[in-house]
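What follows is a pair of complexes built around chain A, which joins chain B in one and chain C in the other.
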Partner chain A sequence: MILSNTQKSFAAKSNSYFILLIFLIIPLTTNYCQLTTDNNFFSPYNRLKFGNYLYKDKDYLRAAKEFKEYLKVYSNDTVQFKFSNSFFKIGRFTEAADNFKGLFFSSTLSEEARLMFFESNFFQNDFNKFRNLADQDVYLSLKYRKEIERLKFTTYFFDIATLPAENIILEPFPDSVQSQIAKFYIQKKIPLHKNPTTAAILSTLLPGAGKIYTGEVGDGITALVTTALSAYLAYTNFNAGHQFRGWLFAGMTAFFYGGNIYGSAASAQIYNARIRFDFDKEVKFYFEQRNYFLPQIDL
Partner chain B sequence: MFLLGSFCFAQTDWVKWESQQVSYELPAHQHHDYTIDKSGFGLSIISVARNAYYFFVSDLDGDNCAFLPSCSTFYIQAIKETSIFKGTLMFADRFTRDINFFKGLSHYPLLSTNKFLDPAYNYTLHSAKIKL
Partner chain C sequence: MKTRLTAIFFCFLLFNIVNGQENLQTQLNYANGFFNSKQYYDAVTEYKRLLFFDSTKIYQYGANFKIGESYKAGAKFDDAIKYFSFAELNARNDDEIFETKTEIIRTNILRRTTERALQLCDDLEKDERFNAKVDTINYWRGWAFMLSDNWKSAARSFARINPNHELKLLAERTDKAKVSVTFAKVISYILPGAGAIYSGNFLSGLMSLGWNTLAGYWTINSFIEKRAFDGIVVGELLWLRFYRGAIQNAENFAIEKNLEISNKSLRFLQNEYKGTKL
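Now for the complex of A and B:
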């Protein structure tokens, strides 16, 4: 194809315009990119971004540090919640509870913060304090009232406070688990303990009987055999006129007899401690498996 | 030069860099503590008796007590925790339990050393002191 001179000059002109346009656009876009990219790694925006990344990565300790820096500059309920929750996740429950308190009023996450505040207090294991807090209306959550009530009644299984009536404890729990909770209630109310005094009296009447009463059959039979054998040897030696050996075995009889009475009482106490330990373990496992009947809140 | 250096200092299979010398020797047997407790007259007497037992019986016979602490150590601990009278009763009970051939059926925690953990503080009749 043969182009005329006019067409040639038009093509050359449009090429030069195009190049000029490119040279005009490049600096503009570069400036724009520089404006949008924040080169300051420690800016609040980047801190929040990095904090969120760490939070998702379950690196809560470092996430809390980043959120704290962000919150020094800006106020944000979600970040405040995540900041408090980071402490909760790493088991620093006192700090978590204090920070959740900051979201109680005029916050969209007020209800969730209140629930988490109670959870943080629950895991501090000061159940008496927890029950006092749960009874104060100022802290209560309208949305999670039932959950907090359940948590409150759960505390009765973990300490030595006097249990309320069975129907009061069972009421906030779902019907499907009420039979199991009732079983725990009876175990807590009437534990299958052994009386140390009874064990000691039984061993006084018959050496080893107290130990058998506490379930230590082997120890009981051993105590009976050692006491009876040393008593028999003392008796035969006295009868044979061997005074020294007689007193030696008499002393041994007293040693085994007294030790067994004492040991039976101690054994009953250990038995009771084991019952309490097993019960606590079972209850804790049961509630932990069900997350204490609490909803999972994570933003 | 480079190749010479590489050949001279190359890691071989049989000489690992920064390798630790591993000793498979069993640790030396722990010897008894012969120190005399001077915190009380009764404890001093008992310590002397215990040392005599260590010297004449235990060191010769070997570490045969099925429990940890051993019966002699338990006795000293029991006296320290309570009194000489109560400690003696605790020891009498421990001694009877040690004689029991079927103590393995009881609830003692079994340690890696194949000994039953049975500390004195569990037998002081103070339920708060019991640790399972």
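Now for the complex of A and C:
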């Protein structure tokens, strides 16, 4: 087909206009839209991107702020979970628990949120409240029922609540650790405490004996020798006619003797506190090393 | 027509680039606003945002440096050093490298990792690029010594800058005002209580001397009266206890006095010194 010059010119003009139109539309659809999304660093999309970066960088407090701003505009379960988890990671467990609660219903992360809700409550160290929560079915997770139950029984090792029967506590724990948990149970149930009154009576009868009873053998022998020596010095000084020195050493003897009785009772209390402290430390270390038998959940 | 279209295309391309740059510049100004008003937490957030969106990498040095400064101002020294190191990696010239390195040294001094600060000063001094900046290196080396309570070495470092440098004179004064802990102990061995008196604790020194005299008298008196066992026990339980106590006291008083002198100089540096501080 042969085109006339007018037609050729028209076709060329049409092509040119078309290309021009494309150049005009492209910026409108990319550049200007990006101005409101990509180039605006504070758009919800960019806040989410930046929040995710901060979250990966473990800068959780800043990440939480970015997620919060995003969630003001859009609803997103994953972001809500990360937002709650940011509080969990920085030890703000109350806020973490409150925010995990928001994912309990009609969410794909409902089960994980429930577990994290219980974890957040566990680390608040109000174990009585934790046990009450664990007994309420409305909060329980079907998928993580066993984990939550384990946490519930773990709480008994950390406070002064009356221990349930041994078999009940042991049941949710794996077979491989049951002997260790049973050992903790016995230690918690029958702690090897020393009686302060017994220690005081022993030291009244024989200076230092109370200390030896509480395991302070060196202190006990020193107390016995010091008291005996000062008593002997008081005796010899009185005999030699040195009244002042005699009374001085007699006073010292009374001070050592009385001090040792008091010290033995205190030593028994310190011994008991040490037993409790060592037990708490050992239990905490044991469970921490095993992440409280909980799965690692992070998105 | 082709030329026109090409021109239009490049115009739009340029617009995009300029527009992106403007946004980054606005973000930088926004972060600087927080930094200048000492809102360091928000400043760090906004500088991090700038870094995150800065695909051109032109703000890498400045923003990382400012983050380092913000963390330093908030006493988060480990983080500060981390970001100063990032800034150093992105430095564009020797001046910027020197600036970040001195900031790392200053942060180490504040963090009380003096050995590291001194090592970095030595490294910087050996670097031929910074031959003209020896005074600055000596200045911060002097500060490192001052904050580690080594006033004599501090005076030597400042003297290399200027024999009459204000901080050299201060360091010398502080060093001279300090008492010798060893001397205080030695004279207490010879005369119990003398070390405490030397450290300025007259009452305690005299009481120590009194107790030692009394306990010594009782010990010797027991031996004279041929009650040797009494003498040994009194000597061991009382005299030796007071004698040892006098030596320990002399040491503690001397350390305390030196601490007081150092703290006075450090307070001067903090509140009255007008030169560049940490």
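FYI, the second predicted complex is superposed on the first by the 249 of 299 C-alpha atoms of A that agree within 3 Å, B and C clash if a C-alpha of one lies under 4 Å from a C-alpha of the other, contacts with A are read in each partner's own complex, and residues count from 1 in each chain.
We adopt the following convention: a contact is a pair of C-beta atoms (placed from the backbone, for glycine too) under 8 Å apart; a residue touches a chain by one contact, two chains touch by 3 or more.
The shown structure was predicted, so the numbers you read here are calculated from the model rather than taken from an experiment.
Novice: Mind working out whether A:V138 is in touch with chain B, chain C, both or neither, as first, second, both or neither?
Specialist: After superposition on chain A, A:V138 lies in contact with neither partner.
Novice: Between chain B (first) and chain C (second), which, if any, makes contact with A:Y53: first, second, both or neither?
Specialist: In the superposition, A:Y53 contacts chain C only.
Novice: After lining up the shared chain so the two structures overlap, which partner does A:F41 touch, if you call chain B first and chain C second: first, second, both or neither?
Specialist: second
Novice: So, does A:R62 touch the first partner chain B, the second partner chain C, both, or neither?
Specialist: second
Novice: Quick one: is A:R245 in contact with chain B, with chain C, with both, or with neither? Answer first, second, both or neither.
Specialist: second
Novice: Determine, under the contact definition given at the top, whether A:I190 touches first (chain B), second (chain C), both, or neither.
Specialist: In the superposed model, A:I190 contacts neither chain B nor chain C.
Novice: Quick one: in the complex, what on chain C touches chain A?
Specialist: It is residues 1, 5, 8-9, 12, 15-16, 19-20, 23, 27, 44-45, 48-49, 52-53, 218, 225, 227, 229-230, 233-234, 237 of chain C that touch chain A.
Novice: Under the definition above, what is the set of chain A residues touching chain B in their complex?
Specialist: So the residues of chain A in touch with chain B come to 196, 216, 218-219, 221-223, 226, 255-256, 258-263, 265-266, 269-270, 272-274, 277.
Novice: Over in the complex, which chain B residues touch chain A? Could you list them?
Specialist: Within the complex, chain B contacts chain A at residues 86, 88-97, 99-103, 105-107, 122-125, 127, 130, 132.
Novice: Using the touch rule from the top, collect the residues of chain A that touch chain C in their complex.
Specialist: 12, 16, 19-20, 23, 26-27, 31, 35, 39-41, 46, 49-50, 53-54, 59, 62, 65, 229-230, 232-233, 236-237, 240, 245
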